[in-house]
Amino acid sequence: MSFNEFGHLFRVTTWGESHGPALGATVDGCPPRVPLEPEMIQRWLDRRRPGQSRYTTQRQEPDRVEILSGVFEGQTTGTPIQLLINNMDQRSKDYSEIAEKFRPGHADITYWQKYGIRDYRGGGRSSARETAARVAAGGVAREVIGSLVPGASITGYMVRMGPHAIDRRRFDRSEIERNPFWTPDAVAADRWSDYLDGLRKAGNSTGAVIEIVGSGFPAGLGAPIYAKLDAELAAAMMSINAVKGVEIGDGMAASDLTGEDNADEISMGPDGPVFSSNHAGGILGGISTGQDIVVRFAVKPTSSILRPRGTITRSGDETVITTKGRHDPCVGIRAVPVGEAMMACVMLDHLLLCRGQIGEIGAGGIG
Amino acid sequence: MSFNEFGHLFRVTTWGESHGPALGATVDGCPPRVPLEPEMIQRWLDRRRPGQSRYTTQRQEPDRVEILSGVFEGQTTGTPIQLLINNMDQRSKDYSEIAEKFRPGHADITYWQKYGIRDYRGGGRSSARETAARVAAGGVAREVIGSLVPGASITGYMVRMGPHAIDRRRFDRSEIERNPFWTPDAVAADRWSDYLDGLRKAGNSTGAVIEIVGSGFPAGLGAPIYAKLDAELAAAMMSINAVKGVEIGDGMAASDLTGEDNADEISMGPDGPVFSSNHAGGILGGISTGQDIVVRFAVKPTSSILRPRGTITRSGDETVITTKGRHDPCVGIRAVPVGEAMMACVMLDHLLLCRGQIGEIGAGGIG
Amino acid sequence: MSFNEFGHLFRVTTWGESHGPALGATVDGCPPRVPLEPEMIQRWLDRRRPGQSRYTTQRQEPDRVEILSGVFEGQTTGTPIQLLINNMDQRSKDYSEIAEKFRPGHADITYWQKYGIRDYRGGGRSSARETAARVAAGGVAREVIGSLVPGASITGYMVRMGPHAIDRRRFDRSEIERNPFWTPDAVAADRWSDYLDGLRKAGNSTGAVIEIVGSGFPAGLGAPIYAKLDAELAAAMMSINAVKGVEIGDGMAASDLTGEDNADEISMGPDGPVFSSNHAGGILGGISTGQDIVVRFAVKPTSSILRPRGTITRSGDETVITTKGRHDPCVGIRAVPVGEAMMACVMLDHLLLCRGQIGEIGAGGIG
Amino acid sequence: MSFNEFGHLFRVTTWGESHGPALGATVDGCPPRVPLEPEMIQRWLDRRRPGQSRYTTQRQEPDRVEILSGVFEGQTTGTPIQLLINNMDQRSKDYSEIAEKFRPGHADITYWQKYGIRDYRGGGRSSARETAARVAAGGVAREVIGSLVPGASITGYMVRMGPHAIDRRRFDRSEIERNPFWTPDAVAADRWSDYLDGLRKAGNSTGAVIEIVGSGFPAGLGAPIYAKLDAELAAAMMSINAVKGVEIGDGMAASDLTGEDNADEISMGPDGPVFSSNHAGGILGGISTGQDIVVRFAVKPTSSILRPRGTITRSGDETVITTKGRHDPCVGIRAVPVGEAMMACVMLDHLLLCRGQIGEIGAGGIG
């Protein structure tokens, strides 16, 4: 696996910078004969697109995806799919400050330290814009999953913003598409709206927690030891900009449980094993159980803020920086469709890996 | 990367089952001319070895490592290093129950569902015994790191057991080696001792949280996008048995911060940039800053417990299981050296990747 | 390594079809701070470009390369480089015959058998047009090699066309650029010209042998066992369309030698070991010796010919096919710059791998 | 893919030195529930074993393979299979000459130049002994192939020794097992016997050409562009010690053909397409046609010979070397089972890759 690539059989390499001419994803290993039209990908990009509410960056990018290869007469051919998104709103601005000063909490300094060169315009390669390419690739993955596991679905939503978590008793899936935060808790949406307005006006930002649930996937996906499904999902989510923690099922709270409480008891249902609970998040020993796959990740607050912070220049001089521009006060909002896309890519990759090694998915019958 | 392998240039494939004749690690890509003797690896295995206190499994395994290849006259040759650990204490016992019934919370059921066959003796491939091979490989990685970055160190310790967290004001690094829990808080060690005795007598178990800190590593390790240092560390830790959550720096709590609070301000020290804090856990944009690399992971409670739990048999019949045998009441204890080993492998891999791509580590000077 | 990708650290994924909107190469892992302008790549593409003599296809393609990412202010940044070449001359023609009938000797039938779908326009993914993307990637590799090993060079030329081999006593390197066949033997060029005119008029085609020589590369590149430099070169060359054989040094003729004759004797020169001969083609045990790296490959004749051949349709009906259109009577001619590009990619990849594992290239001093 | 590993899904890492305690192969990605006993592997090792005739090294090695993991109750489990072969005949001898002087034509000098250290005893890692591990892995691959494609077979034989080729009109498959050269031409076997006796007495050695044929494999294996079946086979064969050339089908002679002659015409048989000839060696566009897969490779003469050759020492002093010891006068003989093993590994890997990506092998029906 190379630096900018993920996946074993379904492989995605993203490329491009925030303010270059274009960005995109090279998708290799896609199964053939899956119907694919740009619109099927575009709808996921539209969810991630900036400028849709006052809570995301006001940069205007249509994010229109073009399919340059790998599709013929509306079907995938099994050869590489090139997904291209032109950058439109490369607003000419003065980058001299960002070019010289490192934003605290931002990749500015590490890119410089590593490479000795960086495209500082809009964050270059470290910009959250790179995630548009992931969402496009995830759109392809979703179509293939749909053809392989018709009942499967992947849904993401926000469960916490700053100190304010949702109340799971108010969980309403249909609410997710109705508010700008992709949250299933309408009351939380209202509270977050106020909270975020306050932060935005103060030139500040906030972190968030996103949960992604994959439903309808069969048992048997994932493999020991380093291709464990949870290890792959953890890498996939942690590779998203600004993510600092990843949890499967009970996650960090699994530490607090006793073995007795943690054990998801098993009984026999009409279609196979049924579990009394899902502390495991649908994964045992790195392999899916057939339950919901439950992943959560924490997104740190945007580091490009108006609040002045102490920093240094490339010359090593100490100074203060305030970052003007069109930044997301809660970059976690747009991370929802990105997390979904990453789960789609991982799940598809493991569906293909499993049938490659075993030939059928879920070889071991019970009962 | 294949199923049981991790790393890009420094590659480790672990192999072996709990109750087979042996297990081990195949290490490919190791730099040549690094002094390596079995003792250098053995001391890390000794830390992980079972049966050293009443808080770990009473299985007696000397876990002696043999180097079968890749070392000549006390130095690595640059060719594959085969590390072999014979299994000694394969106590003959009656496995018929485990062979037939699935332990709730255990990989029993998913291995069966995936492969349609499994070596059920002692958990087979899904046993925590597999981690001995990781510790051995990590021992090799440590020696190479020592030759490349003399000041670097990797230290793990337990920061929480069940509901009981350490008090960081009592953090004393020298305490770590003095108690059976590898914890830097002597008061916590006492409390945990009581807590664990109670659980053990009740035939129950508990989860834990481990923290691993890498110090003295240079800035510039890691790479966008999927080879981000934090993504690789997350995968590495999540691939350890029973791990359900991984955090970098502030981890899940990053969600609660504002951008202002999260920004680790930068000033100029005598040897380069100095940060006012380390919310980032030493990684920005997936690349190391030169600060301490801070990773935490949660280990769920052992699923093999004496407490009766409802389950099913391979035939689909509902039943109850209580797991007798020599199981760890807190498998998190032995996860400490395993987490250290995984960090060692990841850090070395990225040291090699960085000099492969760039030729020097930390290309971009400041000041 | 995925289906359409090659390389370990310097990784190239080519994408695109003959008659799609564009094709290109995604290059990941390129070292940073190497000067790179489109013109540096374009000059290699211009060598491969069709329609430059009556001996290559008359399709008119400017083959202009665009750099969409990974370069900033004229230097590589270390992030993925996207190289895009738009297809211009997608002449509207009637593809119904090729869509239905399989050309003997062509990938038509195997693509169909494998995928159950194929872009039949102009050969789709199996078209020699794909090699334009390799030449572009090779252009990047050449610039990086130039920065790492200033004296290194890679030169390809044709040594045989059909039954007519060159006479090595007439080998004149300066002749290579003077004839349309890239051959160092001016007399052979004249003979081939007549031979090819005859075949072209007869609607037939011919095979050829190409030799690629890499000079000035250090000893120590390549590694046991599957990353042997010769194994990688063999794969690289065999992956070029229509190649059926690959030789290193004496190649197939090595079978005829005795050990005494085959041994390239070693003496000591002012700058290190000197060899009395180069039967080995510059590679021993899969690792470079510092001598010229010598690779040859045979290209079969173009399968798209006007001569009628028996075949079947997708429905299984037997029929006859004659392929009209703008095809190369000797596709080997344009394989010369492609072979050079593949060697450039392999050599760079191994320069990076070697310094990744060992830190310096050529660790073992002699004398 | 790392240095000592090959394969995508069925991955083999070989390890070990000629005179270390043991060598072996780590096999990851093997499908589960395939019957596997040591004897199934042993029979292939027995074919490669040295000391079976006066034409191979007289080193006495039983080459007994042990299965240390990945098999349970006589079936593969889908987890890594560790194959171990202990080295028995590590005859104590004086290695001081080989330790100091480089054998011309041998990897001695390049290992030294690359790594600055090498296990010189018996060639260390560069010894042909490494191929025992490949044969063991190939034995596993053969059993899996047998379970997936019952009619498939892989057969190797020698077609040329030194200047003496077989006469294909005398081709008799049953002859292969009857002579010490694995040749299908009984007359050639007699001639080679005399030829080799002469060389052996003169302290010299000779090269050879081996052909490997895979029969009964389905159409659709292999993939553009770098995972072409022929590219993979070329890499696999070129990675065998002493191999200098690889051919598919007509190989280097494809250069001499016209397009008309090279086209394997297609007609319709009762079970699908039938070809009038097999110039292509069963591969078009990198994908199998369903015909015999035909690969040939040339093995250079053993470089360890009694004839004196000029060389240098590690100190750079010029000297002469004659290599005493138990060396193969024609290492090509034992390369026959090795070439078979490599083809088995490649074919199985592509069977798994194909069903991974496509789900069925040979998706596109004809007729």
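As written, the chain order gives the labels A, B, C and D, with residue 1 at the start of each chain.
Rule of thumb we're sticking to: a contact is a pair of C-beta atoms (placed from the backbone, for glycine too) under 8 Å apart; a residue touches a chain by one contact, two chains touch by 3 or more.
Keep in mind it's a predicted model, so treat the numbers as computed, not measured.
S.K.: Kindly point out which of C-D, A-C or A-D repeats the A-B interface, defined as over half of the contact pairs being the same residue numbers.
M.R.: Equivalent chain pair to A-B in C-D, A-C or A-D: C-D.
S.K.: Looking at B-C and B-D, which pair shares more C-beta contacts?
M.R.: By number of C-beta pairs in contact, B-D is the larger.
S.K.: Which chain is most remote from chain B in terms of Cα centres?
M.R.: C
S.K.: Could you grab the centroid distance between chain B and chain C? Build each centroid from C-alpha atoms only and quote it in angstrom.
M.R.: 45
S.K.: Need the CA-centroid distance for the pair chain C / chain D, whole Å please.
M.R.: Centre separation, chain C to chain D: 26 Å.
S.K.: Hey, how far is the Cα centre of chain B from the one of chain D, in Å?
M.R.: Here the centre of chain D sits 38 Å away from the centre of chain B.
S.K.: By residue number and range, which residues of chain B touch two or more other chains?
M.R.: Only 2-5, 9, 14, 29, 32-33, 78-79, 114-117, 125, 223-224, 353, 357-358, 363 qualify.
S.K.: So in the complex, which bits of chain B are touching chain D?
M.R.: Chain B residues touching chain D: 2-5, 7, 9, 11, 13-17, 20-24, 26, 28-29, 32-33, 66, 68-70, 72, 75-82, 114-119, 124-125.
S.K.: Along chain C, where are the residues that touch chain D in the complex?
M.R.: Touching chain D from chain C are residues 1-6, 8, 14, 102-107, 109-117, 125-126, 130, 160-163, 199, 204-209, 219-228, 230-239, 241, 243-268, 273, 276, 279-281, 283-290, 296, 298-305, 307, 309-312, 314-318, 332, 353-354, 357-358, 362-367.
S.K.: Using the touch definition up top, name the residues of chain B that touch chain C in the complex.
M.R.: Per the touch definition, chain B meets chain C at residues 9, 29-33, 78-79, 148, 223-224, 352-353, 355-359, 363.
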